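Some structures are shown below for you to check.
Below, chain A partners chain B and then partners chain C, in two separate complexes.
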Partner chain A sequence: MTPAILIYGNCQGEELMLTGRYLPSFQGRVAFKWIPSHKVSAADWDTLYGPDFMRDVVTVWEQVEAGPVSPHRAALHRLLPAGFPVVKFPPLSALFLWPFSGADPRIAADPDRYPWPDSVGAVLSTEAGDDDTLFDRYMTMTAERMPDLERRLRMDAARWRATDALADFAMGPWVEQNFRTTKLFHTSGHITAAATVVLFKNLLRLTHGLNLAALAQEAHALLRHHRGQDFECVPIHPLVARNLGLTWYDLDARYRWHGHEWTFRQYILHYIRWAPYLD
Partner chain B sequence: MKSAFIFGHSGNLQDALGPGWSVEDGYAWAVGAESRLTLALPGDDTTYVLRFVVHPLINPGVRDSQRAIFKVGDAILARFAIAERQAVEIPLPPALTSGVRSLELTVEHPDAMRPADFQASSDLRWLTLCFHSAGLIGADEASPAGDGPNLPVVLVAGGIVARQLAGIASALPNFRGRAAFRYVDTATDIGSAEPGWAMGAVSGAAACWLQMETGRASTIEGLGSVLLPGTAIRRFGVPHMRALWPFLSADARAVPEGDLYPSARYRFGDRIAAGIRAAGMSDDALFALYEAAGARDMPDLDALLAADVADWERLDGQSDIALAAFLKNNFRVERLFLAPSVPGPALLRALAERLLAFPLPGGDVPAADLDTVMEGYMGPREELPVHPAVASHFGLAWWHPDLSYRWFGNRLSFRDYMLGYMRWAAWRP
Partner chain C sequence: MPVSVPDLLPLIAGTLGIPPAEVTEASDMTNTRKWDSLRQVMLMTELETSYGIELTDEEMTEATSVAKIRAVLKGHGIG
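And now, the complex of A and B:
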């Protein structure tokens, strides 16, 4: 029986699982499993994640969350004997980079098309106009409504501190030190490979019985050209990049959106028009 | 949607909220016992539905939902008990909206709580429901009929390219509400895998685009036998190109590796790279060896191109659309192939354009609509790097020395890819 590391977490957990699975040194020696904390249902604990599922698990990497213990987390804890090896890691998020992320009533009826709402784009969605007019309106409105980004950053940093305090290692200070020079997020909740590799190395470091040096080198090699969770990249507003001093930002960059790569302008226009796209 | 209303400081309801609100950056809490808001209306005769997206403050086991009563004057429009984030829809009687420019709504919410009373919080506000957005929606739009089973169906049968073409056609505005494009994977057994197809949508299809030289013969024959007589079948081939990858060959290492690489780690073999022993060599030395061997063994590229052209012309002869001339004239200008058997966006567009030129239930498709749907489309993330000497020989306008290639989840230079290939390095999708 191949020993397994079980990851309990959101889609960042899937990213860690895939990284573990593709590491050459782990193949045939350590397996990786993932319970998606954002999708698991009450019935899953009886059907999918029972004793058979847990039989080969030797370590759990548990993504923490602020607030009271959810019923699913409690169900996970019930599966683990006292003293079972658990490494707790924080979730990574960055709301401050997308200050107009908010609400869009279209999502209620069509939740998957553009799941990262832009409140100004939503307001403009019912206005008539050609591309130039709509984009100019978007840029004008967002410039007028641009919030205090440093305050937004402080709010996120407070959230990072809260979840770091629950975990076995902190990521907040690393994010604060690096987000200006390295792209760490594709959306407010989806991370680049630069963030994955740091998270992964921290988990390896705290997992008993692993050859950290060799694995860390392999993880770096595996992810050095990888894009991370890039199937939906929400472009960052140029004013946000300027105000926050994002040195990696490229005004002409193209962002992957499923089968497409769009500029900031193209993304915003597609979003406002709620336009279909190709996978 | 006729109007979008966004709560919060960055929204557009700053002047519309009356008493009973606590506004934050991206939303507004309804506080106390009652909240009022005035929404702008278009004043036309359309029948509308108001859709609010809200989430409640709950205290599990003590208060599991928040009640809300939406009123105009004394008239109650709707009541809800809201236990989680959801969209609630309120049909608006035409008498309230027809010829009227604004709607004064009152929301009664009798279950206010203070977070500080039951959470680790200093929030002393009497909170009830958090309002995110609202949409004023035509009643017809709120309950759309959907595609419905009665739309004419165009079957698009074949492999991955057929699926891509079905996706492109489905996204075109011409066909919304007029026709449905349905992909049929001819690699599966149509009879056993999807029995509903055979007797239902397939037999009544208005047309069928059929990709040649792929799929199971029994499925393709079965498809032909269940289509109604007279159904227009348009056969199309998917061309390949080898001249851009002259070292293409089998590699003994290229075998399926379970779930990790179901086809192979590197499914396009390179005979030069496969012949180099990479162990113990530095990257620079290894790549230099590859470059030298490649330069020495470069085959006659024009002969390879001639063979490709002959194959394209053969395909044209069997197909209902012609592509050979387009391919010959454009492969230098546009990136028509991402890999020998992987069409790029420009080739997919050419295929779609030709198939859409046949009569269809939605009518003629303007080229501009196709351009819009395909704006920024990149195609599959399986781009096989092109050798610089090949790009130079053919004068590929779309190629440049710093071109990077999408390889599943990665983006690589030609050098990075070749080094990974020679070392048979693991990569992550």
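And now, the complex of A and C:
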């Protein structure tokens, strides 16, 4: 029986699982499983994640969260015998790069179309106008409403410190050191390969008994051109990039949105109009 | 443009991405779907934008329920 690492976490946990499954040297040596912390239901603990599911699990990679222990996390902990190997890792998120993340009532009714809210886009969704007019309005309103981004960064950094303190290793300082020179986030909650690799290597380093740490270099090499969680890439506002000094930013870049590649302008216009994109 | 205080519940729902009916005066981080630490920050910055105020770090940390948000807004002369 191949020993398995169980990852408990949000979609970043899924990305780690897929990364582990992708690497050739891990084949037959260690398997990866994932419990989606943001989707698991109470019934799942009886039907999906019972003793059979846990039989081959030798280590748990547990994504921590701030606040009280949720019922699902408690259910996970009940599955683990005392002293069971657990490596705790922090979630990665970055609201400061998308400072207009806020209220958009359309998301509740249609949560999957554009799940990353833009409050200015929501305001403009009630206005009429052609593409040029709407985009100009968006750029004007966002320039007027642009918050203090360094303050927003400090707010995110405070959240990172809180979750880093619960984990076995910190990621916040690394994010702060690198976000200006390397793209680390595709959305406020989805990470690029650069962030995935660092997260993955830290987890390997702290996973004992499976001789995985030596494989970290392979992970680094093979994931060099991997794109991470890129199925939805929300473009960063040019003013945000300029104000924060994002050296990797390309004003003319195209961003993947499922089967499409859009510029910042195209994405914003689709978002304002809540335009379908699957046909 | 500042929104009126009666619009607070829809604003919270819109930021959390849940139907307005799911947010009541009794809602807080522990009993409301999707109201996690990430959305808490998003909600606080949305309050700042919508009401034209700047919250302190302490207010952002403590305003984890509808009742506490109303109290914070009142402290800023709103409501």
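The criterion applied here is as follows: the second predicted complex is superposed on the first by the 273 of 279 C-alpha atoms of A that agree within 3 Å, B and C clash if a C-alpha of one lies under 4 Å from a C-alpha of the other, contacts with A are read in each partner's own complex, and residues count from 1 in each chain.
Note that in this section a contact is a pair of C-beta atoms (placed from the backbone, for glycine too) under 8 Å apart; a residue touches a chain by one contact, two chains touch by 3 or more.
Not measured: the values here are computed from a predicted model.
Enquirer: Mind checking chain B and chain C on superposed chain A, clash or fit?
Expert: Because the two structures are overlaid on the shared chain, the partners are seen to clash.
Enquirer: Between chain B (first) and chain C (second), which does A:M54 come into contact with in this model arrangement: first, second, both, or neither?
Expert: In the superposition, A:M54 contacts neither chain B nor chain C.
Enquirer: Give one of first, second, both or neither to describe whether A:S93 is in contact with chain B, with chain C, with both, or with none.
Expert: A:S93 contacts chain C only, not chain B.
Enquirer: Mind working out whether A:G189 is in touch with chain B, chain C, both or neither, as first, second, both or neither?
Expert: In the superposition, A:G189 touches chain C alone.
Enquirer: Who contacts more of chain A, chain B or chain C?
Expert: Chain A has more residues touched by B than by the other partner.
Enquirer: Of the partners chain B and chain C, which touch A:R254 in the superposed model: first, second, both, neither?
Expert: Once the two structures are laid over each other on A, A:R254 reaches chain B alone.
Enquirer: If you stack the two complexes on chain A, which partner ends up touching A:R145: first (chain B), second (chain C), both, or neither?
Expert: Both partners, chain B and chain C.
Enquirer: Mind working out whether A:L80 is in touch with chain B, chain C, both or neither, as first, second, both or neither?
Expert: Once the two structures are laid over each other on A, A:L80 reaches no partner at all.
Enquirer: Tell me the contact category for A:L18 with respect to chain B and chain C: first, second, both or neither.
Expert: A:L18 sits against chain B, while chain C stays out of touch.
Enquirer: After lining up the shared chain so the two structures overlap, which partner does A:L239 touch, if you call chain B first and chain C second: first, second, both or neither?
Expert: neither
Enquirer: Between chain B and chain C, whom does A:A157 touch in the aligned arrangement: first, second, both, or neither?
Expert: Touch partners of A:A157: none, neither chain B nor chain C.
Enquirer: Of the listed segments of chain B (94-102, 130-138 or 238-246), which one clashes with chain C in the superposed model?
Expert: For chain B, the clashing option is 130-138.
Enquirer: Pick out the shared contact residues on chain A: the ones touching chain B in one complex and chain C in the other.
Expert: 99, 101-105, 107-109, 119, 122, 145, 147
Enquirer: Over in the complex, which chain A residues touch chain C? Could you list them?
Expert: Its residues touching chain C are 65-68, 93, 95, 99, 101-105, 107-109, 111, 115, 117, 119, 122, 145, 147, 152, 155-156, 158-159, 162-163, 188-189.
Enquirer: Sort out for me which residues of chain B touch chain A in the complex.
Expert: Chain B reaches chain A through residues 1-12, 25-27, 51, 53, 87, 132-135, 137, 142, 164, 167-168, 170-171, 260, 372-379, 407, 409-412, 416, 425-429.
Enquirer: Quick check on the complex: what are the chain C residues that touch chain A?
Expert: 10-11, 13-15, 17-20, 29-30, 36-38, 41-42, 45-46, 48-50, 57, 60
Enquirer: Using the touch definition up top, name the residues of chain A that touch chain B in the complex.
Expert: Interface residues on the chain A side: 18-19, 21-24, 27, 99-109, 119-120, 122-123, 125-126, 145, 147, 221-223, 225-228, 230, 254, 256-257, 259-263, 266, 270, 275-279.
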